[in-house]
Amino acid sequence: EDVKIGFIVKQPEEPWFQDEWKFADQAAKEKGFTVVKIGAEDGEKVQSAIDNLGAQGAQGFIICTPDVKLGPGIVAKAAANQLKLMTVDDRLVGADGKPLEDVPHMGISATKIGEGVGQAIVDEMKKRGWDMKNVGAIRVSYDQLPTAVDRVEGAISVLKAAGFPAENIYDAPQAKTDTEAALNAATTVLNKHADVKYWIAFGLNDEAVLGAVRASESVGIPADNMIGVGIGGAESAINEFKKPSATGFFGTVIISPKRHGYETALNMYDWIANGKEPEKVTLTSGSLALRGDYEKVRKDLGIE
Amino acid sequence: MAFLEFNSISKGYPGVQALSNVSFGVEKGAVHGLMGENGAGKSTLIRVLSGDQSADEGSILIDGVEQKYSSVRDAFHAGVIVIHQELQLVPELTVAENLWLGRFPGKAGVINGKTLIETVRARLDEIGIDVDPSAKVSSLSIGARQMVEIAKAVMLDARVIALDEPTSSLSSRESEILFTLIGKLKTKGTVILYVSHRLDEIFRLCDSLTVLRDGRLAAHHPKVAETTREQIIAEMVGREISNIWGWRERPLGEPRLEVKVLSGSKLRTPISFSVRKGEILGFFGLIGAGRSEMARLLYGADHRHQGSVTIDGVVVSPNNPKAAISAGMVLCPEDRKFDGIIQGRSIEENIAISSRRHFSPFGVLSPKKEASVAEQFIAKLRVRTPSRKQDIINLSGGNQQKVILGRWLSEQGVKVLVIDEPTRGIDVGAKSEIYEILYELAAGGMAIVVISSELPEVMGISDRIMVMCQGRVAANVARADFDERSILTAALPDKNAAGTV
Amino acid sequence: MNALKKILLGEQGLVVIFAIAFVIVSLTVPSFLTERNMLGLLQSVVTIGIVACTMMFCLASRDFDLSVGSTVAFSGMIAVMVSNSIGSIPLGLLAALICGSIVGVVNGVVIARFRINALITTLATMQIVRGLALIASDGRAVGINDPAFYQLALSRFLTVPTPIWIMILLFIVFGFVLNRTVFGKNTLAIGGNPEASRLAGVNVVNMRIWIFALQGLVCAIAGILLASRITSGQPNAATGLELSVISACVLGGVSLAGGRAAMTGVIVGVLIMGIAENVMNLLNIQAFYQYVVRGLILLIAVLLDNMRSSAAGRGSRA
Amino acid sequence: MNALKKILLGEQGLVVIFAIAFVIVSLTVPSFLTERNMLGLLQSVVTIGIVACTMMFCLASRDFDLSVGSTVAFSGMIAVMVSNSIGSIPLGLLAALICGSIVGVVNGVVIARFRINALITTLATMQIVRGLALIASDGRAVGINDPAFYQLALSRFLTVPTPIWIMILLFIVFGFVLNRTVFGKNTLAIGGNPEASRLAGVNVVNMRIWIFALQGLVCAIAGILLASRITSGQPNAATGLELSVISACVLGGVSLAGGRAAMTGVIVGVLIMGIAENVMNLLNIQAFYQYVVRGLILLIAVLLDNMRSSAAGRGSRA
């Protein structure tokens, strides 16, 4: 029997998901099954995507949901279509906010990864010998996306623990999740606190932090006075490292789409074809990549 | 060979053959009349001449040369200028800009605003039209807009000018200016094609005449002077109409409509009057005299500063059209394009929009009843259309007017009927029919207010005339005292300024 | 031959074109024409379909409503939050319906009474209402406590899920209202010429307020069903819905200049949008190419309809 | 008193209201009126401001363009990709300008020549062009190889960054074109009364194609500057730009019914949008409340303008 599995992601335009899909396809090629890739930006699209998979005779699917609270609905829909279900990146939760333990999951904790960002910034500040009292922090925020909140809060918790004064953290709300929006929001923050010389920046992803870095350049803050650490590690970040001279974009926490895409697809295949149920939870971690070592880090993670 | 030749022109629209095989010629320097019932094809012929629509068959020759234009621009370059039946101005632009639209003067696409205005001012003064060239068209009255439209044709040196019912919204004074202009153009050798439903004008202005009927050539008169009104009417309508007004004595009852100290922002001086059961009260005045404003205030279409309107002793309130209609008053507006027709909807719907509430239980329509009402008025008013389902926008101007009339005549339980310019653009045959309907309604006890800028019409059908001038009532004349000269004098503003009333 | 031409160019031409396309798709795309897929397809258009019913009225009367997506999300949130906190689903639903209608009435009053441009007004309320939904929920989805709420979406009648029945019911009701009632005809008349309609005794201001109020109410229905289907109230739900709904309507022949609308057209418009999405996923078309294909389908559909109607000579003078 | 009334109700009333609001904000919001913040503010509206110039023409001629956001992203991508691969920035920019114009011409031809509804057409091209941008870049940001490209955005003249100068230049150019040229007058005429313009011999079809072509070209300029500012071509850039630009125009008094437009109005509209955003961030207003505030500002601005213009008695019958 032909194995067909679905791979539903919440933001198909994001390079991260493009990569997940790419690696899932790689697994499919190796084992000889089919991956149906569907983008579903909201709960309604998720529902029809699952129906659609059921209708075309898939046996199971992997999903990165637009919202973890969609959990019960997704589980019910999968059952109704007799599809096996696994989640990737973000873990489903029930109405009570507790994770749905029954659904196999491979992912990263948003809070953890944020903490990684915070740690990288703290380390670098120490290395540069900055006095945290004189440093401003740009929190590039997109609060309507729960993952985004968890990530920046993770970073903030580490900063605070390291003694960073809470009143020096300034919110720069993005109107959209692109670089221009982050750039505009961060510019305002920088201009409001024109007296602050040293800055750090963190946010939802690389694009958000890049906006803050561009803003610092446009108001004339030297690269040495800025530490921005992003999340993701795809082209946007790599481009930055490839620039001839270092910018305020200090590093990025790379998360590996390879394991997420390749392994989940393989696990699902094994589950369908050989009845081997996957681990309930597999957590992967992010690794900090800097201008000097990003190629190596990527290689270690199996990207490229 | 004539200067302007139409050779077997045919043009069809879905369901309608607007023109079939029309041929005639016009000599250089002649004013040529074009007559026919509503929907006979006059405007279509002019649209073909203007390059706006292309004929299915046939050709047009000017000065012996066949014209092969495919757009308005080509026609303009061939020296043809057309003033369409519906005003074609851009309200957001100034008078000067409208006059130059499509051919702005200027270097490298840059307009010199000052020269633009000055040249227009000079030309307007020269031809005797009193409009400010830098005024936005949206701030002008309908009459002034029509004059701007006419100036558009006269300002450019055209070989052929076609005017489609130019006087339908002009007062007699403005019409005189137009007639003088036409005289001047004639001496320059311009060919003028003149569409009108007013026989007086045709006899006064035209050298030759063509009558269309159902899209065919019904008659061609190389010399207008050699025909008679009766003959032309017969050629148009296919029957004789002896007395177009047909007024007869009616018994008048109690006062039905009473208007007390009515005023609004466009009508500052309060107006009071009353109309009796069965009475037809005519309002005459020059364009801009304030009659339409009075009617709109009466009907609650515009905001009232003060005043009350009473029907059969009951005050009409609140002050809006819906309340007026429920109280038994309806207004048939003067401007069919902006206030009358509902574009995109069928004739049937345009007729039934108001009256259907009488036969729609719980707001649910009864299509049968609606259809029968529509058919009734299509027949009664002789609306020329392939079907009652036709979009009203596809009707000829006069036929649209008839549909709007049908809307109000089909209303039930009307006690007061106010009609503003009821026969604007309507052919002679239908006119007398409309008057008959008005008499019938009056005989049934309705109080009717007719506003008209055509003096013969007001005098022909009213039991009494109120003359308005510059927003005031200048005279109130009983039928026995009707006299053309004194009514006109009362309507003229200069005399009012002298304070002779 | 002539009969075919007549059918294609007639009032129902779009429907015929659609039917032909449907047959072609059924024959060529595997697993398209299965009961399961059809039901899935219909469920996927429930939100668009329901909201399109009243958007049709809104556009037909020359108005415009960009706030529908936010209202759907907001009223879904309200339904869930109120049900959770009071513990009564009917009261939760009632609250949602009321809130949806209030949004509609506010839109209507600002637009019709204060005469503010509809685009700007609903762009503003779109943001305000979305903001309220986010504030109420602190930006996070709110789970449903009582599983009975799910039954709204899960229950079936004659094997067809309830939301589909509700959509069909609304199609019928609003189709009837449009064609067979004074309300519908007045809506179209306002779109054709608002001033003439007012002079003909139509209370234009009230009509417009009513239409927006209905729009809000219907958005609330869609929001409730959506919350039930996705088993939570989501403040980010239905973003971008406004453009999909308006496209479906325009695709179905509703004129943005007002005065022209038909329920069958809108249904076809909604289905075209749904089928395009469905088929692309069945055929496993890559995400980026989906954009291009979706755009092309939209273009081809209007082009076809346009060729048809200009061949029929309609609207030549418009 | 009377003089004040005259100023407020005059043609430039919106500008005066804006000026008053500006003064109030300057006095009450700390660090608003600093050179740095002003420049930051202006830079933040460069994309909207530039695109609004031609959107104004588009709306004034009764058209509509939803594809601007995609075109900005697409042409930014092209600029970067071509510069990188050919190694010549001027050629890259040229390619971007050409591509932008092509999108515009396609829009124009479909809308004006084939007479397809502008909303649907540009909704379709919006998706197609976005799809092309994603396909071309495989969905990834493309970094700029030659740092000279950054100089477009970073260079300054008299302490003011180049993009701001370009925006100002375009304001002047298009303001002039609107008021002082045949092109501008014809645009307004088409919007005011398309039928009359056609009958007066204006080549309406060509005019509309030209307007869309210009729109595409100007989007390309905005796209290039954006790419330079964010030092990469991003296929996801400028989503939702269309609604912001259209709001700015409408806020500035451009009528969606065509025929009415003024460059000063549009500039004010653009600035209001930018200031709202800027001030909310300066005042540290929470993200979710920003939605609500943004909506309210929009509403209040149009309400004020409406009160003003209805007091002036303009458009009473329109």
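Order of writing sets the chain letters: A, B, C and D. Residues in each chain are counted from 1.
Just so we're on the same page, a residue touches a chain if its C-beta (ideal position, glycine included) is under 8 Å from a C-beta of that chain, and two chains touch if they have at least 3 such contacts.
None of these values were measured; they are calculated from a predicted model.
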| item | value |
| --- | --- |
| A-C or B-D - the one linked by more C-beta pairs in contact | A-C |
| Whole-Å gap separating chain B and chain D, where each centre is the average of the chain's CA atoms | 44 |
| Mean-CA-position distance for chain B and chain A (Å) | 70 |
| Whole-Å gap between the CA centroids of chain A and chain D | 32 |
| Junction residues of chain D, two or more chains touched | 134, 139, 287-288, 290, 317 |
| Multi-partner residues of chain A (each touching 2 or more other chains) | 12-13, 143-144 |
| Numbers and ranges of chain B residues touching at least 2 other chains | 338 |
| Inter-chain touch pairs (all) | A-C, A-D, B-C, B-D, C-D |
| For the chain D and chain C complex, residues of the former touching the latter | 66, 110, 114-117, 119-121, 123-128, 130-132, 134-135, 139, 243, 246-247, 250-251, 256, 287-292, 294-296, 298-299, 302-303, 306, 310, 317 |
| Chain D partner contacts - residues on chain B that touch it in the complex | 50, 52, 71-73, 76, 82, 84, 88-93, 97, 101-104, 106, 109-111, 113, 138, 265, 338 |
| Residues of chain C touching chain B in the complex | 180-183, 185-186, 188-189, 191-193, 195-203, 255, 258-260, 312-318 |
| Touching residues on chain A, where the partner in the complex is chain C | 12-13, 34, 36-39, 41-49, 51-52, 54-57, 66-73, 76, 80, 93-97, 143-146, 149 |
| Footprint of chain A on chain D - complex, ascending | 30-31, 34, 36-37, 40-41, 43-44, 47, 134, 138-144, 147, 153-154, 161, 226, 229-232, 234-240, 277-278, 281-282, 284, 286-288, 290 |
